[in-house]
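Chain lettering (A, B, C and D) follows the sequence in which the chains are written, and residue indices restart at 1 in each chain.
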Amino acid sequence: MTRTLALALLSVAVLAGCKREERSLRMAPPVAAKLDDVRLMPNQIGGAPPYVLAALGQPYEGNAYQLGLGKTLYTWFNCDGCHAQGGGGSGPALIDGWWRYGSDPASIYVTIRNGRPNGMPAFGDKLTPEQTWQLTGYVRTMGAEQASTAAPSRNDDLQSRPSENRAPAATSPPARVAW
Amino acid sequence: MRHRLALDLAALPLHGKSWSSITWWGTLAFMLIEGTGFALVIAIYLYLANIASEWPIAAPPPDLGPGTLLTVVLLVSLVPNFLVLRWADRSDVTKVRIALLVMIVFGIVPLGLRAFEFPALHTRWDSNAYGSITWILLGLHTTHLITDLIDTIVLAALMFTRHGHYKRRIGDVQDNGLYWYFVVATWLPIYAILYWGPRL
Amino acid sequence: MRLRWTSAVLSPLGCAGCVGWQSAMDPQGPQAEHLHRLIWLFTGVAAVIWLLVMLSLALAIWRRRDRSDEPVVPTNAARERRSAVVVFMAVGATVGVIAGLTLASYLATRQVSEASAEPLKIRVQGYQWWWQVSYLDPAAARQITTANEIHIPVGRPVNIELAAADVIHSFWVPNLAGKMDLIPGRDNRLEFTVARPGQYRGQCAEFCGLQHAHMALLVMAESEADFETWQNAQLAPSAAPDSDERRSGRQIVTGKACGACHTVRGTEAAGTIGPDLTHVASRAYIAAGVLPTTRGSLAAWVADPQTIKPGNNMPMVPLTADELRAVSAYLSALK
Amino acid sequence: MSEARAEAGDRTETLDRDLPPALLEQRLAVTWGTLAGFWGWLTTVDHKLIGRRYLVTAFVFLLLGGVLAMMMRLQLARPENRLLGADFYDQVFTMHGANMMFLFAVPVMEAVGVYLVPLMIGTRNIAFPRLNAFSYWMYLVGGLMLWTAFALDMGPDIGWFAYVPLSGPQFGYGKRSDIWAQMITFTEVAALAVAVEIVVTVFKQRAPGMSLDRIPLFVWAMLVTSFLVIMAMPAIMVASTSLILDRLVGTHFFNPAEGGDVLLWQHLFWFFGHPEVYIIFLPAVGMTSTIVTTFARRAIFGYVPLVLALIATGILAFGLWVHHMFATGLPRLGESFFTASSMAIAVPSGIQIFCWIATLWLGRPVLAVPLLFILAFFATFVLGGLTGVMVASVPLDTQVHDTYFVVAHFHYVLIGGAVFPLLGAIYYWFPKITGRMMSERLGRSAVGLLFVGFNLTFFPMHLLGLAGMPRRVYTYPAEMGWGGGNLFVSASAVILAAGFLVFFIDAIRSARHGAPAGDNPWDAATLEWATPSPPPSYNFAFLPVVTCANPLWDERDALPVATGLRVERRELLVTSAAEARPEARESSPRNSIWPLLSAIATSVMLIWSIFSPWAVVWGSIPIGIALIGWFWPKGTPEDDA
């Protein structure tokens, strides 16, 4: 009885086949190369992401592992140096919902890859397209109105603001303010 | 296998009270579980305080007001609770009904005060480990206040129905009263450590 | 002698590694010696006790005391009493053995954790999934940073400061000492001495994620003189490329993604996320003990790190065949 | 008015002694029976049906866990094997550990207790039978949740011990860790519920005359185990809850940067984790004592020392959690203390071993399959205990900790120490549960295969560990020279698996076609054999009266029984805790659907709370409603008294 029940449930679940937790560790080079064909509008704001993303099932929007790696890259490449915890410093804030150069994935991808006027450096020569997309995906979770269940949680360091899985970040009170 | 009659039980009561009641022992067992839980959380508090360089971390000691008031209310509530148990023991249904209504009030008031206790901590669960442990400690006890309040309300309702007349209900009332003693008893060490610990 | 005995026992299992470069049964320093002796003491005692218990059990089963045909064996007070005495003595013996072993264990702890006068101070930091090794020389100029390979002089006590950069790891070189965890927020220390020159392999012993299996390190024990020369070689900046191929290799390493994570002292590559590559070719292995360092393995690693060590943090940087050749040529020259 | 009602109740009362035997059994069956069909299956509160359900489920999980083990052995059979990827292997070994500990070992022991304790102490149902039903549903959902997650590539990949920070908010990507933590909540709620039932059943429902010194040793073992559960499980629930909080709402219990501590997790986990071992082992001690008594054909030697040993083990179990943390660099003094206490626990174990051997020595051993399993247990468990003494030594442990030596050690303790007695117990009590005997012939081959296969599989792991092979590695380089040993182990694992297969085949076959057993096929001494096999829904037509430690041996001709219980309501006897003097004729709850509904509501809340903290608020409302429905009187004779 129990066994059949279990099997039934498992098979149903498998058929549902949601892969949000899948960890693809290696992307075939040809696919990885396609990740870079982003087409932007002439003004370099807004555009179409590569078709391959859809084929891959939008891993940089719903896959917790990819977003987690994105958060790691955000730390490793010292994005906080300018965007301090997404709150903004010498660079603009990333959690206030305002995007000078477009909030859609393609624009953000290009922003990271090519850089932007007034200080945003180009990371195209430091990050592979795959990494750039991971970072893009993570940056989009930072200011999200509604937290995705795949969004990363806090880091094991000093508490600065509620983590991405507790969005909306902009409206949450800064943690250190005593009530 | 064959057997011989050796004992006649026909004279025994149809329901056991306190020591002879199964639910009474069950309540005791659950108190042991939850007591262990409280003890562990307090142990975590002491552990974290012990490794911390400053305690409380990045916050003044909590305000004494609401917590102390709540403690007083809980201590006062022991009187009606005692009366409930006594009248239940005498199966005085009418008095038990009234006393239960009083106990409902004594269940609601602490919850109101508890709402002021959290801000009085001057920290948040996500500020640092001190905030986390204090909120959990308060939260854990709050859940006990809530569950016992609901239990009391349901029981009071039950006592006003025809079911109120059965001896079994008396047992339920006694178990509920016993559990309230536990809720108060667990609060005292928590109060001491939460409000006076940081002041030592 | 004991060693030969172990290997004799183990060889049928094809377990040649037991007496080898990552084994608790092949001690190469005083600390490991003490532990080795302790292991044998406990094993011996345990074996004797096990045999005694099994013997008495066998006797109990096969030597039938009771000949009666009663459905249940009647108990005989006198026999019960005699057995009680025996059981009581057995329990007493257990207590005695336990006390003895506890004492032995305590003494061993004391011997192993004796601190020495002025040890060589090294800081090992665990990363997912490699080891950063820094030599803490009071003179800042003489501080060396390398990865996955610890050179130490024979006979001089080494004091290793253990820290974790991300998750918990555990430092374990069984031929030299017991293991000690690297724990975020809590630095640990481990001290040991190597008696004989040689290569001793160690490996992370606390599950630390995807590539826990491929997080090895090598301890190179050598004479004071060799250690000196190694130190001076490491202090020098990276070797300048001596051919066009290597020159373009350096350009790629510094210009492309490599430099963002790796440092090659003497070039613009100053990343701090991955291992220091200044003298990468001087190490016996790359990728924390996965591949022996050759030009070929370097090329293979750069070309496709995720196939060789799936899940590790090195991305697959798109390179043309020529670029790859140049990079491997350059890296394999970083002696 | 209440008096009137009570009298009315009294007037209609029919006593068991007023009815002829046939009619009595008929009436009792009506009062205590379970409805036929699916509805009955959902609503039953019969401890035997629920215990059986628990048993079957636990053994299904054993089978699944075994499959995982074989997958791991396949992967490790040769160096640098790429059969299972690193990510999948991590999920597999985590699932194997979590599944075997939380979904097999603990529940299966409780299952045996739930089934046997009421029978052994001569009562009609377990205390809080509805809680019992609830606990099974919780356990089932917890298990299904874990395995569903695994099927979705969402299985936990953090080890069954889930050390932070690897399982924490920063490095435990996605929901995998939360699945693990919530599975803990499910299984611990179930375990705690059963523990409470068993404690109260043993304290208050023993047959009249069963004073403390007449309690069967298996019941003593389950009693101590239940107290261990009650004291130890809260620790892991606190731990897993704070882990979820760290991950979901950003608390800092385990974040060193904000005053938290990484080792706090290990303290909490092992404060539960070590007693856990004894929660699994002590019931096996009880089973061993029972089987040894029956097949040595004499009263157990050293009843009192054995009981004291059980209690001593239970207490000491809380004094040695730190010996899992000897490599974390804790202060030396503390470590020496924990070395001493860890070794001290060898003394009660010694007492048990010696008393069993003495019993066999003074008795007339009958080498039936259950006893054969116990002999296998002696050989393996003693060895496991001795390696346990080795890992209890701080310096020695720094060499073997987290190596295959430890893997070998705890499999010797858990399989040798717990699973062998368990299988012996299944062969022993199978006739009582199903009314049919298992096959002696298949049984013997099962013992042989299991014993040989087990030792060939796990003994070499000691050597691999000393040869430097760490645990939880998904592969190893060829030049390490571990290939031969691992291949040998993997091959032997097939023999072990074959042994389990034979056991399962025998169990399934015998359930249908086994030889009819009769009431007491082994001529055993304890009360569960004083009633038909399988026992009727009411367990005993007349509650037995106990006059000695081995009633069925010393009262051969006729078992003394008590009368005077009513038949039209579920009535059982409450007796005093120490002397078991009759105190009241208490009623026992009828079948109910509310435990299932409450379990569903609770499951929804727990799973939802992985994704949103608000689940705790909104999800609690249906739980409250379900519980009120559960406890609100239904006007049955059981409620009205």
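Keep in mind that, in the parts below, a contact is a pair of C-beta atoms (placed from the backbone, for glycine too) under 8 Å apart; a residue touches a chain by one contact, two chains touch by 3 or more.
Given the structure is predicted, the values throughout are model-derived calculations rather than measurements.
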Chain of greatest Cα-centre distance to subunit C: B
C-D or A-D - the one linked by more C-beta pairs in contact: C-D
Middle chain, criterion being Cα centroid separation: D
Gap in Å, rounded to a whole number, between the CA centres of subunit D and subunit A: 44
Centre-of-Cα separation between subunit C and subunit B, whole angstrom: 52
Distance from subunit D to subunit C - Cα centre to Cα centre, in angstrom: 37
Inter-centroid spacing, subunit D versus subunit B (mean Cα positions, whole Å): 30
Subunit A, residues touching no fewer than two other chains: 23, 25, 154, 156, 159, 162, 175
Overlap residues in subunit D, where contacts from two or more other chains coincide: 85-87, 165, 249-250, 252, 255-258, 261
Per-residue multi-chain contacts in subunit B, two or more chains: 126-128
Chain-level touch network, classified as line, ring, star, complete or other: other
Pairs of chains satisfying the touch condition: A-B, A-C, A-D, B-D, C-D
Interface residues, subunit A side, partner subunit C - complex: 23, 25-27, 29, 32-33, 72, 76-77, 125-128, 130-131, 156
In the complex, subunit B residues that touch subunit D: 1-16, 19-22, 25-26, 29-30, 32-34, 36-37, 40-41, 44, 47-48, 51-52, 57, 91, 93, 125-133, 135-136, 150, 154, 158, 163, 165-168
Subunit A partner contacts - residues on subunit C that touch it in the complex: 184, 210, 255-257, 259-261, 273, 304, 306-307, 310-311, 313, 315-318
In the complex, subunit C residues that touch subunit D: 9-10, 13-18, 20, 22-25, 34-35, 38-39, 42-43, 46, 49-50, 53-54, 56-57, 59-61, 64-66, 71-73, 75, 79-80, 83-84, 86-87, 90-91, 94-95, 98, 101-102, 104-106, 108-109, 112-113, 166-168, 170, 172, 174, 177-181, 183-186, 188-189, 201, 203-213, 216, 289-290, 310-311
Of all residues in subunit A, those that touch subunit B in their complex: 154, 159, 162, 175-176, 178-179
